[in-house]
């Protein structure tokens, strides 16, 4: 009886997450092929945007700026074997990307032909999906600019 | 504005492996043989079924040597009639669930009441276990608040316990 | 989720006339993470709670968690280590089917487990069947006075409750709590930092938590020892010997109508077997001698993780005199109470309008 | 501040998969050992606090079963944090500070083996911006390691030295899971897992439990030959989204460390450096001198029972005072990805 196989128990729950005004605006922009950032009251441009200044809890300002989807890699980690939920299902780099005009970094994927092309400070640009739904995956990934 | 993206649909799906403990495996085997086993705490003599492999009152582990067989029959000490539709349960009919206190123990086990109309259910009825069928040597997944390995309870047809006897059982169960 | 929390937090800050920067530490509470599908969501919600750079704690003690969250916030102040603490709790149950999580699968929900102990209570105490509906009507009428209550049923009466469908015998639909989204926030300060507002503070006179193991045959679901002991310790701290005389009202966690008489006994407001008579005699009604759940209680809104904190906050509002339309007159001392698990986790606080 | 000391510490075997025991069975012997070490009977414990997380087992209310393991009958004055047991210790310490209790039992437990931790810990991230990308804990640590390599003089060799030393130190720790006489060269020869991390830069998956007994005042000396006095304990959290902070630093650790005097005469530090590069970040944030011995137990790289691993650091630090004659030691616990939240405590002998 000791060799009874262990059953796999899948805990699966669907969630319909209401977004609130700020994330809603950001995701609506992504669906429309646009990247929007908002400003904290101290003028810091956050992308992705938050309802608040993460450092103080103060509400963010109502100022929004549109970014053009190009940016610079601040950090990266190369994944040779993606997990089933990863953004890309081929070898790629997770990256922190400082979009031009933003003061914070966006976490996303960068696709290059070869790991040797990856470097901190490299310039990248967003590659959009044709069919967009209002999700971070509307940007398929970033690619060298 | 009406076509703004208002929600994010996501599915959290995670796989878990939770190997059964030795006590749970032995309990399952016994259920397959339509037997009910329990562990008796060596310190306070409280009985636990399914066996936990420990006594939470005395903080001691229990093992095979503390295993005993208990009667799968007892007295209905409480019940409720549920309308499954209202609780997102499977099935659609009104059903009764009850707590049965096993003979010679202070253990009450909850389960569906079978073989009796909901309107006829009353405390004091003598009940016996209706066993689940094992699937590949395993208990079908149940979860929830029901007893493990026991699908429910059906009347034995024996005479009822009196209201006084039921109160006495409940009182005995509450003693430390 | 962040917006829901911030709605509560910013209102608490406004009530206290304080800023985010005044907060020294954050205590956060909610019930199971599976409800929202985020493991330890305080980690991401922290920024929305103004927690960055501060100490932050996450409580989880099942349904009693909100009250634990409040009590631990008070402890941080009591220690002298902090001057201003935010205790905040929430639940957002609408994003998935939380009954699937509570029921642990397909075989029933919490109501099924509790209905059984309610039947035991009824059989043991000899309470007449209309007691449950009476509680339901009272709490729902109270809810009409509370702008934050979720369920408002104008004109509700016994007949309406008794004619509502039977969900889990003996509980009818209108005797059960709804599924709710909600958040609550309480701000604590040290004595020297009490905000100079027109609204007086509530003072903590006593608090207690008690838990008991679920899985053994000696325990009672009807009158749990942990609840009795929890109340006894809170009374001892507050110097209370006769709670019914010395408290002016209470906010008790009553998710199903019959829990009111059960808990009245468990908390020492009535002798064992007599709690239902207090209900029957309208003593716990809004204009009774000892109003219970003047806010409408959990029967009118049950954002599980927040509900206990809101009970504590409602008790505080009563002693502060800030409860608005559901203010009970002349409240000097009040109880906030919560329970969780299989009637095994209890947390109570007693607040007063005077410094103890 | 009231004097509060640790007088007992026990831990389970720390193993890849505990197949014999479920959670209560895993905790129970540990709790019994802690009671016995302290000389206190269960009835003499005023307050109990635990740390665990539901998502480790994928079941709500994991802590309710944990309560079965400590003898919660008759009822206990009790609480639970959905955090590492180190934070449960903070809550218990607070109960002793305010005089609501004179003794406390603290425990933490987790069976990380039940789920796929790389996927489970993704659920710990922002559900709008991070979790939907599927980014996992090895990848987030990789981003942090790269940020450190880019923004400091540290190299992958420094990381490998940490990883190798941890596994060698673990050889003298009976409870550790990964013990190996390994060199930095051997680790540098490993292929990357998530570049710049190699497998040996990452922690094992571990099942385990730990318990600590706290006592206030002189009574601690009666119960323990050499109690460890909690001279300072603080915890701080940082912003969540990685793009809003400098991952190469740990300002929350720095602030908590300054509050408790981490830079001053620490002989031994037991720190929750879950990944090799995190030891380098933490060492700098805490202001530890080169003379400070770090993780003689092997640390999380040798055994990483989630929700107990931080409490074990405190317990191991206590053992340094009790068994090794050390006078001033430090323990650190962490929570979340990339050192988001950190707890630091300084213990002293008499």
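Brief remarks follow.
Each chain carries a letter (A, B, C and D) given by its place in the written order, and its residues are counted from 1.
We take it that contacts are C-beta pairs under 8 Å (C-beta built on N, C-alpha and C of every residue); 3 or more make two chains touch, one makes a residue touch a chain.
These numbers come from a predicted model, not from an experiment.
Counting only chains that touch, the fewest steps needed to get from chain A to chain D is 1. For the pairs B-C and A-B, the larger set of C-beta contacts lies at B-C. With each centre defined as the average position of its C-alpha atoms, the distance from chain B to chain C rounds to 30 Å.
If each chain is reduced to the centroid of its CA atoms, chain A and chain B end up 47 Å from each other.
In this assembly, the C-alpha centroid of chain B lies 38 Å from the C-alpha centroid of chain D. Mean C-alpha positions place chain A and chain C at a centre distance of 39 Å. Shown for chain A are the residues in touch with two or more other chains, namely 9, 11, 13-19, 23, 50, 54-55, 135. Of all residues in chain C, those that touch two or more other chains are 1, 34, 36-37, 47, 51-53, 97, 100-101, 104, 213, 215-216, 218-219. Looking at chain B, residues 8, 10, 12, 14-19, 52, 56-57, 141, 176 sit in touch with two or more other chains. The touch graph of the protein chains shown is complete.
In the complex of the two chains, the chain A residues touching chain D come out as 9, 11, 15, 17, 19, 23, 46, 48, 50, 54-55, 74-80, 83-87, 94-96, 104-109, 115, 120, 135-137. Within the complex formed with chain A, the chain B residues making contact are 4-20, 25-26, 29, 137-138, 141. The residues of chain D lying in touch with chain C in their complex are 48, 53-55, 58-61, 63-65, 67-68, 71-83, 87, 90-91, 94-95, 97-98, 100, 120-121, 123-127, 130-131, 234-241, 244, 251-252, 255, 335-337, 340-341.
Within the complex formed with chain B, the chain C residues making contact are 37, 97, 99-100, 103-109, 111-113, 115-117, 119-120, 123-124, 165-170, 173, 213, 215-220.
Listing the residues of chain A that touch chain C in their complex gives 11, 13-18, 20-21, 50-52, 54-59.
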